[in-house]
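Here chain A shows up in two complexes: once beside chain B, once beside chain C.
Now for the complex of A and B:
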């Protein structure tokens, strides 16, 4: 295809992506290096019965005017990145020096908002992704072993948790595990503790969020693996049988190698999706117990004073993390492309 | 694919285990929705029953409070009192325009990407993959300040354009992989016959591309319908779409003790998706596996 024709065809799509994905990223980068103007302080001489003294007061009008005129604020370099809300190098060092045990140090680190967000996000990503793949594979095998006629309805029901809006899906689950909901009461009954509440306990909240994550994405893994199971070469399978392979060996040496590329695909999509975990934390009102990178940005943007610069710095760090996460995939795609 | 039934038959215990597992999964997948659907016609005291969980099924307090075992109070409160219908209208507008604009852009671009052999086509797809991986909220933090400055904030049209852009990376991948399955010979022979690229696209590709367009359209619709990060932060209270509206119910109504509004709204927002899966199950499944088949 000629360059000119190509450009005409991709122009609308490319324009949309440049204007609303590339430019915002640039805007985020610029914002992350700025901070709001400080308040304008004026020295006012006030004279009273005991003589005159100079006091510092905030000139509200001047502050407003300055902030209005330059909404971007002043350039501060990497300050936003290293302050307490983000990488917090000073606090980390301080915690290191003042802690005697690893546990103590860890508690202090987890009190830093950025680190607690990234620890939750990574824990969520790396626990939910493999479990989703395992559950999805199990469902695929089970559906594949069922009678042909009922597979349509089975797939329909299995798709529900994935297609349903994440906010809605997690709300439905959250209402059920509420202390007064059916699952919440079941948990209380099992634990023999009538005051047990998911809302009040950090470990329970983390577990619930991950259970939701697996429940939500397992259907995706299932559909992909199920499609893969349909395309297994039956000749290979039969040849293996004739050669005396038992059921387990056939699964190990025929099915799994066939499914493996699909596992890589599902893992890639799941890593990307789980890393941006967002909606369940909103629905579960989990901010007291768990904060992900996405909800951390949201809380900066919707708080009483909107902290654009802090949100921008977190966004940049998040994008960098996504880059690191994707790097192996990009390298592999590049090699495949070169070879082709 | 299985022609001989012999090796499909599983030993009894294994079959039993798989069936049990399947039943457990189906219960996990379906019961939360059925439970909430049933509960949406009860009063709060029954839906969240401290006394006895069976109340949620029988609706004892519902009978005591309203006289019948089912009540439409939650739906009345959500749709009429809190004007949920406005949010539904806004969602419909947003979804319609996002799907049409996004499909037009991604169909054209996907076709070009599938037919180009130059390096830049590859790099464009890689860039799209990276964009696809970025959490939408990181972009939103880039929009807010400029949008406020240029008075673009709070309009449905702004949100539509933003959602179209966020939708592009995914749609591009899908349309490209779809067009790659349409043989090149088809449009190239048309060009040999004297068509230019646009005529070839118009007369040869357009008639055969609909299955791919429908599948991609479904996923664009789901993205627009399900979005929370963009719509919650870029829209005014006045023109909210469904999902941020539901989220705002939680803030305002939980304190008022009217969580049932949210329950009714949740069911109302889920119903269209339910119908969607029923009619388009085949397309959804083929769309989910589209990327995987290519590896």
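Now for the complex of A and C:
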């Protein structure tokens, strides 16, 4: 294809990508290096139905002048990235110097909001992703082996968790594990502890979030693998049978190698998705027990005073983390691509 | 895999448009645009409906629990999408910080002769909002359970603890205390209440430097922790809604609750007769010996956007003034709030808020950086409430988180 023709073909999507992806990312990068102007505070008298009092307020005229001069705010370099809310280098150093044991140091690190968010996010990603793939694969093999007649309804039921809106799905689970809900009661009965509450315990809350994560995304893995299973060469399968391979051996040596590229694909998508875990934490009111990078960004954006610069810095750190996380998978895909 | 999910549920959007003109306007007529953004509860719905009656205006309202994340962006543009925002003493600060609302003095002089002085919110001599209702958290109790346990109505948190122990030890209820202790905004608000009750000051006078890691701060956290021992173990997930639900289910005998929510607890919907008929309100709770109630006073009021034409500002002002005029009050609306409007006759449900005002509770601070401290408290206190760290450590964390945010927002220099 001529370069000119190629350009004409890709121009519309290129334009859309620049407008909707490149510009916002550049804007976030710029914001992450800025902070708000120093606010000019003055003490004034304010009155209302409960009487008058001396309160602080912002002198708008003085602040306005500063804003006009530098609309983006103060340039602060990497300050937003290294302050306590993010990489917290100063606090990390202090924790290192003042701790005698690894345990003590770890407690201090986990007390920093960014690190506790990243530890939860990584734990979630690395537990949920492989289990999603394994469960999705198991369902796909089971459905594929079922009688043709019930396959349609089976596929529909298996897809349900993925179709349900994440907020609704997680709320359903949230109420089921309530101390008075059906699962909550069951757990209390199994543990023989009537005061046990999933929502009051950090480890149980983490487990519940991960169970939800697997439940919600297993159907995605299932549907991809199920499609892959339809393309398996039956000759190979029958040859393996004649050679005396049992069911497990056929899955291990025929099916799995065949759908391996799909596993890479699902892993890639799931790593990205799980790293942005968000909805279940909101639905489960899990703030007290778990923060993910996404909910951490949200908390900067929903306070009475919105911290755009801090949110921008966290967003950039998230992008960098996703990049590091996906690097091995991308390298692998690139190699496969070149081989092909 | 990106699924578009609308986060917080549906937004109640009602467009009335020019159809309001068919009504005679009940004595209100103006030419221009009225667009209301505000929280969603019965009192505000009544005010918005009344304002939209005004004839000749082109009106709409967007009442939603997400109003705080919508009002600043919706008023920043020129012309502003919303011509008025209904706010409280905490949320007006964000609008003033961003300079998106206008002083109302000229409009009051021209159209607001009937507005009594106690409804005017003034900052530095300029009227910035018109308040129409007061709100506060105060004690709500179950009369039958206190009687059964042989207890008087508590007036302090120390007495609440003793009462809770008595109710539990007599086997009446396992977790007799309720409270909106959900990590985040609610937990921070309970800290604010208790800290003011201990006589604490949030900031070094005249500066934005936080100062809560002190004796009062530790006493505050210890009291909150002691109370939480008598709450449902899931208390860190219970916001005001969940706490109200626990109350209606009959699981709770004592709690500190918003006056604006007591109407729902005392009506015959959602709970058994035994629960609602025994639900009573009382004044604010005291703590320690500071003499200041452990609660805060709130007002709700309306503002007028800065970036709109003079015509729209005048129309908005007239319609909203009509919305909070004495004509608003009738049998249905009278009990919805503690109205600041002339002609208000207190109902039984309002007694708690009125007693709180009379007891000399402090208003929630209308300070530009209070919101940052509120967020920091909400994020950092749950570790302490779970017993993972000491009170001093939790308060040090709050101070550090606040300071980092305040430096970024330009309130504090390093």
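By our rule, the second predicted complex is superposed on the first by the 274 of 340 C-alpha atoms of A that agree within 3 Å, B and C clash if a C-alpha of one lies under 4 Å from a C-alpha of the other, contacts with A are read in each partner's own complex, and residues count from 1 in each chain.
Heads up, the rule we're going with is that contacts are C-beta pairs under 8 Å (C-beta built on N, C-alpha and C of every residue); 3 or more make two chains touch, one makes a residue touch a chain.
The shown structure was predicted, so the numbers you read here are calculated from the model rather than taken from an experiment.
Of the two partner chains placed by superposition, only chain C is touched by A:111; chain B is not. In the superposed model, A:39 makes contact with chain C only, not with chain B.
In the superposed model, A:224 lies in contact with chain B only, and not with chain C.
In the superposition on chain A, A:293 makes contact with chain B only, while chain C stays out of contact range. Shared-chain residue A:55: touches chain C; no touch with chain B. Set against each other, chain B and chain C differ in how many residues of chain A they touch, and the higher count belongs to B. Contact with chain B, but none with chain C, is seen for A:72 once the two complexes are overlaid on the shared chain. In the superposed pair of complexes, A:330 makes contact with chain B only, with no contact to chain C. By the document's definition of touching, neither partner reaches A:140: not chain B, not chain C. After overlaying the two complexes on the shared chain, residue contacts for A:6 are found with chain B alone; chain C is out of touch.
Across the two superposed structures, the residue set of chain A contacted by chain B and also by chain C is 165-167, 178-179, 220, 269, 272, 279, 282, 285, 301-302, 306. Looking at the complex, you find that chain A touches chain B at residues 1-3, 5-6, 9-10, 12-14, 16-17, 19-21, 23-28, 31, 71-72, 135, 138-139, 141-143, 145-146, 152, 154-161, 163-169, 171-173, 175-176, 178-182, 185, 215, 219-220, 223-224, 227-228, 230-232, 234, 237-238, 241, 247, 261-262, 265-266, 269, 272, 275-276, 278-279, 282-283, 285, 293-294, 297-298, 300-302, 306, 308, 311-312, 314-316, 318-319, 322-323, 325-326, 329-330, 333-334, 337.
On the chain A side of its complex with chain C, the touching residues are 35-39, 41, 43-50, 53, 55-58, 60, 63-64, 73-74, 80, 83-85, 91, 111, 113, 165-167, 178-179, 195, 197, 199-200, 202, 220, 269, 272-273, 279, 282, 284-289, 299, 301-307, 309-310.
By the touch rule above, chain C contacts chain A in their complex via residues 1, 3, 5, 7, 68-69, 72, 89-91, 93-94, 96-97, 99, 118-125, 131, 134, 182-184, 206-208, 232-237, 239, 297, 299, 340, 357, 363, 365-372, 374-375, 378-379, 382-383, 385-386, 389, 393, 397, 400-401, 403-405, 407-411, 413. Residue ranges of chain B in contact with chain A, taken from their complex: 1-4, 7-8, 10-11, 15, 18-19, 21-22, 25-26, 28-30, 32-33, 35-36, 39, 47-50, 53, 56, 104-106, 108-109, 111-113, 115-118, 121-122, 124, 126-146, 148-149, 161-162, 164-166, 168-169, 172, 197-198, 222, 225-226, 228-229, 233, 243, 246-247, 250, 259, 262-263, 266, 269-270, 273-274, 276-278, 281, 284-285, 288-289, 291-293, 295.
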